[in-house]
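In what comes next, subunit A is part of two complexes: it sits with subunit B in the first one and with subunit C in the second one.
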Partner chain A sequence: MSTYTEKIREISQRLLKECKVEMVIGFRQGTLPMMNEPCIVRKPEEVERLVWDSNCGINLANYLTNRKEKIGVVAKGCDSRNIVTHILENKIKREQLVIIGVPCQGMIDKRKIAAGVQGEILSVAEADGEVTVQTAAGAQTFKKAEVLQQNCSVCTHRNPVIHDEMVAEPVAEQTGVDPYADVAAIEAMSAEERWKFFEELLAPCIRCYACRNACPLCYCPTCFVDESKPQWVGKGQDPIDVRTFHFLRAYHCAGRCTDCGACERACPVGINMRLLTKKLNKDCLALYGWEAGLAEDKRPALDTYKANDPENFIH
Partner chain B sequence: MKVIKIDKNQWSQGLEQLRNAFRLFGPVGNGKASSIQELAPGQAPDLTFANTRLSPKNLVFPQSEVMLNYSLDPDDPERNILKEAPKDYAPRAVIGMRPCDAKALSLVKMNFDTDQYQDPYWLNLYNATTFVGLACDAPASTCFCTTAGCGPYHEEGLDVLLVSQKDGYLAKPLTDKGDQLLKAAGWSQAADADKVIADAKAAAEARIVSKVESDSLRAADTMALYGAPFWEDISFACLNCGTCTFSCPTCWCFDIQDEAYRKKGVRIRNWDSCMFPIFTVHTTGHNPRDTKLQRVRQRFMHKLKYFVDKYDQGIMCVGCGRCVRQCPVNIDIRRVSAMMNSMASAAQCAVGGK
Partner chain C sequence: MKNLLELMGIEADRIHFSWISSAESTKFVKVVNEITAKVKALGPNQRFVKQAAKVA
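Up next, the complex of A and B:
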């Protein structure tokens, strides 16, 4: 992917030099293996900081909310879908943006890799669809496809849906994947099994709100869990309050979520809260034929009313 | 107090014996991460862990703690009277926490136990607990304890230091509390092991490869650091989640909440985080730290400058590396401290060169 890095730098430098943008938002090399840090570049001579590899899973649309500048933004498929959603929801204007599109081949799941090796990971390198992990015990190589984030492994929108520049030719989209197999497995459970599953899923939560804050959809000036007049949710570790946070947050994302995986990736205790938002994605697709962030000229499913909208789920 | 040798076969036997006098806590792993938990009868602490995912600060500072109970029942003659919540302050022992986390407790104690104020909840739990540390022979690449006023064999805040050996442990009692714990376990075989421990300590310290640069912060000009040009660069990626503060062993902030349901209520305190916008919102609605930059600056200025100035005991960080490893966007306190430190040292050079 190093050609991506070169191309991102080249485009960014040109945009900054020609004053097409005031800043470029991208990634710089992190201080740890499998971690890159979102960053701003404001000067043409600073573009050497920008990098691209399979550790750019943070969704950069999150950094555009309510900004007033003219911005160049590096965007993989899911980021671009969230940029579309941001434009539809008036969080940024299309004319403020120069979108530097990145055809994405999926992001690495650092937890999957950590689970597959013994001892601490000292460095990680990728080449030709393989990921080589160095530990004190030696090197171990994985096929990249086997260590992708789960959302990336079932992604069918790898190419940016809107862009002004492209760093490479589009990649082939995945076909024949079932993005909702995990949700279907939960739907097949009995109510008791499902309740137990959710209890265990959310038990490790420490309410740091990394999932919410990593999500480009969560831009409310004051989140409902932070409201005090009235207070909707208790702020302690009572499991009822913890679940209320997760369930309500998921519903606030209905018809808006692109399954970018930023929430799960950000979670310090490894909760897959995507299972909640994905259920709503699945329902939106089944009921309204809707997938978020694919077109600038269509209103989101829960934003509009049609006389023939299904309503048999209302009891 | 003499170093005690504990043979492998005496280890679990002694632990079981300890249960007569203590509730036991220790690291427990689930294959993905480990945490300090209460140990069930027969359950031994897992002493093969690198470090626990969250710090053990919840032992003395639970994430949510009921302080007071009250009744809202109009028929209750004692309604609206706040009453102390019942607590279990029976003796407890934590077996196998890391020395960095123990040092963190002694830093936090400066806040919860002052001449003017003593926090009863924190202190009661702290005083009820005997802290048995496990010296760290295999530090992570993100551990920087030796430059954060600490170390893999650091003793501050511990009652006993355990040193792992091929055939068991060496236990170095550090306080009367620690001495009593060893006696209660029936571990009494004195060993002449000072040199063994000193050698192991030197070897472990040599394995710490990561550093935090902080030597110029004490003398630095506070307002110059506060107004430094690098805060936008440092704070840009921040999500303002609570991962760093909640995983940090030295973050001590809390928020007090009343929660009432029907005829009963509780007053609880919960961990709070200076990363959260509502941390500083006034009742008027005004928020003096309204932007991400201000909040990120506050966290690092508190740990690396205000604390240093107020207590003159070094930085408010023990180098455990949790925030470095767990930050979802890779904001790294080592990088931030280096930026603050080099600005401070450049300023000192300028003054000295006049």
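Up next, the complex of A and C:
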């Protein structure tokens, strides 16, 4: 992983020195362990700030929207798919970008680590598929595979789909994983159980909209929840308003979501709202054979008409 | 959208989509009758209904 950091710095320095880009968007060490934050580097001598490890789960495509500069951007598999989506939706031009591809081996779920240790986490280090967590009480080691973010553990697009530079050889893609097992489990419930399931799932929501803000798809100048004329949805903690927000937020991501997990990662109360977006991903794949962000020359499923589009929901 | 509503626990027969031309009056009547029959069978909707705030 540290070789990734060196390679990212080397490539970024070269791009900035040769004036190929005006800025590089990457990650820097966060002020807390496991909280790496996005970072914009504009000068070659500043590239030392850039780092890479398994705590870079934020989706950097979110920082490209409507930018006018030439940009170098560090991208793992999911970020690259969201960059493709951005290009398709005219939020950035391909010519503006130099994509520094990072073959990804999954990001660590900070909640899983926090649940597994006692007391405050002082530092987290990783090597050879193991994660060592230092707390005041001592050191504890986890297998990285066991503390991955759930979306990473079922990811089948770890390598960037588009890139201009690569920091390492592509990694082997996971096979034999079922990304939609959790959605299928909910589908198997009765309507009554499903209603209850989501009632409990969404009950802790405080309407902070961190999920929306972390999402690279949510770039509307004014979000529907912030509109007041007309007011589409109540702004309080009413369970129906909360559910309406989550339902519509997910629906706005239909055929666009790459399951990067930024929403769940950003949630301060740990709601797995990905279950909703994943249902849409599952249906998009089953009904239209569509997965978001895999090709620059294909129009999205909800953007095209085919004579054989499924229509059995219409009377 | 229907699939996602159903995932959230809305009954399958509660929401219907149809495409009816303005010239298809008989289809319109047929579809409306079918839908009302299905929804009546389900009874009053209890889900996705916002209760008015209780004022003392």
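The definition used in the following text is that the second predicted complex is superposed on the first by the 313 of 315 C-alpha atoms of A that agree within 3 Å, B and C clash if a C-alpha of one lies under 4 Å from a C-alpha of the other, contacts with A are read in each partner's own complex, and residues count from 1 in each chain.
Basically, a contact is a pair of C-beta atoms (placed from the backbone, for glycine too) under 8 Å apart; a residue touches a chain by one contact, two chains touch by 3 or more.
Keep in mind it's a predicted model, so treat the numbers as computed, not measured.
*Asks:* Based on the superposition on subunit A, does the combination of subunit B and subunit C result in a clash or a fit?
*Replies:* On the superposed model, which is not a single observed complex, subunit B and subunit C fit side by side.
*Asks:* In the superposed arrangement, which partner chain does A:Val131 touch: subunit B (first), subunit C (second), both, or neither?
*Replies:* Once the two structures are laid over each other on A, A:Val131 reaches no partner at all.
*Asks:* Pick one for A:Phe198: touches subunit B only (first), subunit C only (second), both, or neither.
*Replies:* second
*Asks:* So in the superposed three-chain picture, is A:Thr31 touching just subunit B, just subunit C, both, or none of them (first/second/both/neither)?
*Replies:* In the superposition, A:Thr31 touches subunit B alone.
*Asks:* Going by the contact rule set out at the top, does A:Ile11 touch subunit B (first), subunit C (second), both, or neither?
*Replies:* Neither partner.
*Asks:* Who wins on subunit A residues touched, subunit B or subunit C?
*Replies:* Counting contacted residues of subunit A, the larger count belongs to B.
*Asks:* In the overlaid three-chain picture, which partner chain does A:Ala75 touch, first (subunit B) or second (subunit C), both, or neither?
*Replies:* The answer is neither, since A:Ala75 touches no partner chain.
*Asks:* Let me test your reading of the model: by the given contact rule, A:Ile206 touches which partner, first (subunit B), second (subunit C), both or neither?
*Replies:* So A:Ile206 only meets subunit B here.
*Asks:* Between subunit B (first) and subunit C (second), which does A:Asp238 come into contact with in this model arrangement: first, second, both, or neither?
*Replies:* It touches subunit B and subunit C both.
*Asks:* Using the touch definition from the top, say if A:Phe313 reaches subunit B (first), subunit C (second), both or neither.
*Replies:* In the superposed model, A:Phe313 contacts subunit C only, not subunit B.
*Asks:* Pick one for A:Ile83: touches subunit B only (first), subunit C only (second), both, or neither.
*Replies:* Neither partner.
*Asks:* Least CA distance subunit B-subunit C after superposition, rounded to whole Å?
*Replies:* 5
*Asks:* Name the residues of subunit A shared by its contacts with subunit B and its contacts with subunit C.
*Replies:* 234, 238
*Asks:* Using the touch rule from the top, collect the residues of subunit C that touch subunit A in their complex.
*Replies:* Subunit C residues touching subunit A: 1-12, 16-19, 31, 34-35, 47-50.
*Asks:* Within their complex, state which residues of subunit B touch subunit A.
*Replies:* 32-33, 50, 53-54, 63-64, 140-142, 232-233, 236-237, 239-243, 246-247, 255, 257, 259, 268, 270, 273, 276-278, 324-326, 328-332, 334-335
*Asks:* Please name which positions on subunit A make contact with subunit C in the complex.
*Replies:* 183, 186-187, 191-198, 234, 238, 240-241, 243-244, 247, 250-251, 276, 279-280, 283, 313-315
*Asks:* Can you check the complex and tell me which residues of subunit A touch subunit B?
*Replies:* So the residues of subunit A touching subunit B come out as 30-32, 35-40, 58, 62-63, 111, 115, 120, 122, 206-210, 212-214, 222, 226, 228, 234-238, 265-270.
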